[in-house]
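In the two assemblies presented below, chain A is common to both, partnered first by chain B and then by chain C.
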Partner chain A sequence: MLQGTLIYGFINSVVLMLVALGFSVTFGISGVANFAYGALYVMAGYLSWLGLHSLGLPYWLAAPGAVAITAGVAAMIYWFILLRVRGLVVSEVIATFGMGLAILELFRYLGFIGFEYTLPPLIDASVMIGDTYVDAQRLCIVGAGILLAAFLWFFTHYTKTGLAFRGIAQDERTALTLGINADKVAAWSVAFGAGYAALAALVILPLGTIAVNEGYNVLVNALAVCIVGGLGSTVGIIVASFLIGFAQILTATYLETSWMMLVSLVAILAILVIKPSGLFGHQKQLEERI
Partner chain B sequence: MAQRKERIDRGIKVRSDDVFALTSWREMAYLAFPRVVPVVLLFLLGAVASIYWERVLVTTCMFALLAISWDILASAGMVSLGQALFFGVGAYIAGTLNHYFGISPWLTIPIATLGGGVVCTLVLLPVLRLRGIYFAMVTMILPLMIERVIEATKIFGGTEGISGLNTLGNVHTEFLVAAVMVWVVLFSFRRMMSTDYGLLLKGINDNDRAVMSAGMNIYYYKAQALFLSSAVGAFAGAFMTHAYQFVGMPVFALDYSIIPIASVAVGGAGTLAGPMLGSFILVPLSELLRGLGGLRVVIYAVILVVCTVGLPEGIFHYLSRKYNQFERWVKVER
Partner chain C sequence: MRKLTCILAITMLISGLLLAPAALAADKIVIGVTTSLNFLEGKEAHNAVNLAVGEINKAGGVKVGGKMLPFVVESIDIRDAAPGVPVPEALLGMEKLILEKKPNALVVGPFRSEALLAGMDMLAKHKVPLLGTIAMSPKTEARVAKNPKYKYVFRVSLDAKYFVGYIAGVMGFMGKEFGFNKVFIMNQDVAWARATAGIMTKIFKGKLKWDVVGHETFPTGASDFAPALMKAKMKGAQVIMPVFDMPQSGILIKQWKAMKVPAVMAGFISPLTGPTAWKTFDAKIGGVVNAVFELGSIPSAKYPPSKKFYDAYVAKYGKPLEAGHGPAPAYASVYLLKAAIEKAGSLDPDAIVAALRATDAPSVMGHVKFTKGNQVIYGKDPKKAALGCFFQWSDDGKRVIVYPPAIAEGKIKLPTGMKAAK
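Up next, the complex of A and B:
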């Protein structure tokens, strides 16, 4: 029982981390709080489903295609919409929220609801760890989580684009003087975050069905993890996702499954009261930033 | 030679800004026209409309109230993505009072208005320190969460909701109450925003540091603005509960968050009248689009994005500029 709780808590934490990474990357770099994040996540799921079942593409073509299209859509949202309201935080939030809503509700309208909307797992098997059954897909999630987090670190420390990301995150004007096109890099960062959302969707969604409401849940979870960990801090994301992840599994085990989503809310409210900048937030006080 | 558009206040506007407006019929008419005509028009519409469209007008008035409540909150620097919270809390208070205690709607609505204001203020009190997107995030999450709580604990009828509530009487009564209320709220809050108190709230939005350094406790005033705004929202919720004779989880639905914001985006923020104008455009429009079903939310969202990006000023600002100012091209030397 305890062992199972620990294993599933760990897996749930990695799921949360995967979901939050993309949101955090985009916000940390360009300062855009992408409220269309959940919609992009779900969109990636539906796109790869469409690729697999409507177009009959093989998995190795459909999945990367979905990731690429999702990233492309995010870049277009930035380029055609967000660029015009850049710096007006409220307008940015309302515009991305509206876009996300439009995408999600369009899928709902088109009738993408039902149990047939599932993605195939990467490996269809299950393993015994101690005396707990864990299906291989969940292990894939853990692998993907570690891989993506590590890749993010290497990317932002050792590649030119990644360094440009950190450049505009630290000081946009100085980055401009060094010949970094801030608008382009910000568009890349939004696309990059959406790509992470899509990858997360591809490994997480096989556990259940692709549902429109999942988009809202993902957004809430990503926000919860980011607020608790401190917006823009990758270490904070990891710590916060483990805190919330284990808290959720413990609630599900000892109370009821339906209380699981409440954990995020309680975590957000608690952290906002105690330490508004989050556990590892870069900003000393939130009020100085926004 | 380059040209530049110059905007100058009309003479009549400048004159009627002052107390001397009372000396001339023309200036009084100039002042009264934009205020009296919409009021009369709304009541006339209500008088000639069919039962169905009168119901639509009632709904429109309630969405107008929600949009006004959004604007009050935004004027004090708090951007909400969850107007459904206020609406839903008011709805549930009125619904439960009516269902479990059998209190008449004429009492439950005032109780829900004040009670909803108090409850929402208390709920959001811990996050008053937040601004911008952080406040928006919390307000977006809260209605979704409350829906979950009701689903999980099965309180107040759970997923089924409570139906068979009392009504205010017939549609005409409902329309009269709604229309009177919307004008009272609009004009009194517009008046409030032009007093020193309103100026203080706007100051919190523009630069809260400056207000703090003037020795004001901004959290105290933010809480007051929150109470005023959530009371207006809760009234709308309580009223609609009795109009629909039903309260349930849908009162926390996204519609009640997104339509007020879309109305503000269409009408123009910061004026209170703009959001109202916006909802009087959007809600009847959505009735006409009823056949489209779920696509309506998509259309709203697209209108929201297009207006936020392409028409940031809003219709009301445009109209009031045309009414109060004239424009001319002037030559400028390079």
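Up next, the complex of A and C:
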């Protein structure tokens, strides 16, 4: 049982890391807390499904298409809505949350409810690890998690756009003096975060079904990981994912499965009381010291 | 005096305006369908109502006091099956339809027992009979039997109490045939599923003398069952009894296969009921024993009316029924309502209720009679009572009815690779 718990705890942690990475990247660069993140995740799932089943496209075309469209929609949300309220934190939250609600409820209104909304696994097999069977899709999730985290590091350290991302994240005014277009980079970061959400959806959703409500769950999980790890800190995201991921699986295994959902909420409450900036966050450290 | 005349005139005018819709409504009989229309069971139950209404109207309509009146269907999506939709919101939708469309009766009704229980007072207040076909908590029956004001609430579908009778029969068979006595229960966190799991736990421990090695409850919308399956495997469960009606629950079977849990899956998972589930779940559901709550939602050659309904549905809508709960009783409800109105000879709700309570007639799901709590009696022979059943997915993708014996087409077989305990 312990071995199985450790294996599934590790996989669950990577799932959390995947759903939180995009949210964290967007916030870390542009300062926009994208509350439409869960909706974009679900949208990628439905778009991919539509490509596969309604348009009859092959997976290699439907999946990247869904990622590109999701990123494009996120960029448009920034350009046509968020740009006007940029810097007004409350307005940004209201605007993104409103957009998220509109997207999710539109899918519900259009009748996207049912068990038929599933995505195919990348590898349809089971693997024995020790004495525990694990479906290969979960191993794909682990692989995707490592790849995406590594790509993020590479992208932000060795590409021009990535360096611009970091420039804006470190000091927007100074970056402006160096000729970096802050609005353009912020739009890119929102699209980049949404693209990460879409990629996460493509590898995680084959484990379950695509459901409107999943958008809300993903947002709660992403928020929990980002708040615990510290908004904008990639290292914090990874550490928090593993803390919450293992806590969830241990709760499900040794207590009750229905208590799993409480873990994220308790983690948010606990960290806000103990260290509001999160384990690796720097946003409010000065206020905390005071 | 002039003032009094004026008041009387205004009163008569207002009364006339208020009564006018009722008088106008007398040229048709309005059936309201208030349910979660976007969910499979709600959608197909709505289709089944339209099928029955079409047939009845084509045959001339309903005879009310010497006049033939057509049925008219009015529907509203109350969304109560969706996670997070509060009961008051669902009830607002139901009341909106009652007030605006003035239905003579409602059929199908709420998905969630929580919504039905909360809505019983509203139905009593407006005196609108409801022939429910989805919500399953036995509490409604108890309330109807206890308090006459709730007499307008009928349930034509199976309730949790009868459902456990069928599950107990299936488990009893597996105990005798394969020597199984360890079960792991997994249920959705909704009233009817909790009630089913609770009653079954008592039956397992008492009458069946089985060991309940674990019991997990999942919130509506949950889609990762791996930790619970791991527990079931570690605790040596021979049977896993799922009780779910949410779309995500079909994934449980894929995870059960992927993790190679050596236990028979026998219970109710709504997405696994229809014929297309085989394709949807990548042909990985062979060996699963699943319930169909009402005969007719699956056809049985041993009870021709069920097959006639099923075939008529396929002919009208061009695709097979996928829901195992709701459509057959929804179809039957319209015919029961027709018979009751004709027997009552009027559209008076109290007269319709009295006639419905005296129902003793065959239907597509077996013979229909109501208990004192307005619940259709379910049994094991379709000639004597209404019927629910269990079928097993064969390894080549066929649904084989395995229980009850009166309509069984085969016996329960162990999934490939699993051995009996005796």
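In this section, the second predicted complex is superposed on the first by the 284 of 290 C-alpha atoms of A that agree within 3 Å, B and C clash if a C-alpha of one lies under 4 Å from a C-alpha of the other, contacts with A are read in each partner's own complex, and residues count from 1 in each chain.
Operating definition for what follows: a contact is a pair of C-beta atoms (placed from the backbone, for glycine too) under 8 Å apart; a residue touches a chain by one contact, two chains touch by 3 or more.
As the structure is a computational prediction, the values presented were derived from the model and not from experiment.
In the superposed model, A:I227 makes contact with chain B only, not with chain C. By the document's definition of touching, of the two partners only chain C reaches A:A252; chain B does not.
When the two structures are aligned on the shared chain, A:G208 is found in touch with chain C, with no touch to chain B. Touch criterion met: A:E116 reaches chain C, while chain B stays clear of it.
By the touch criterion stated above, A:E105 is placed in contact with chain B alone, chain C being left untouched. With both structures placed on the common chain, the touch criterion links A:L6 to neither chain B nor chain C.
When both complexes are overlaid on chain A, the residue A:M261 reaches chain B and chain C alike. The residues of chain A shared by its contacts with chain B and with chain C are 108, 216, 256, 258, 261.
By the touch rule above, chain C contacts chain A in their complex via residues 38-40, 82-84, 189, 216-219, 221-228, 230-231, 234, 247-251, 255, 257-260, 270-271, 276-277, 280, 282. Of all residues in chain B, only 74, 79, 81, 126-127, 129-134, 136-138, 140-142, 144-145, 148-149, 151-152, 208, 254, 258, 261-262, 265, 293-295, 297-298, 300-302, 304-305, 308-309, 312 touch chain A in the complex they form.
Within the complex, the chain A residues that touch chain C are 1, 4-5, 8, 12, 108, 111, 113-118, 124, 126, 132-135, 207-209, 211-214, 216-217, 249, 252-253, 256-258, 260-261. Of all residues in chain A, only 33, 35, 81, 84-85, 89-95, 97-99, 101-102, 105-106, 108-109, 216, 220, 223-224, 227, 256, 258-259, 261-262, 264-265, 268-269, 272-273, 276, 286-287, 290 touch chain B in the complex they form.
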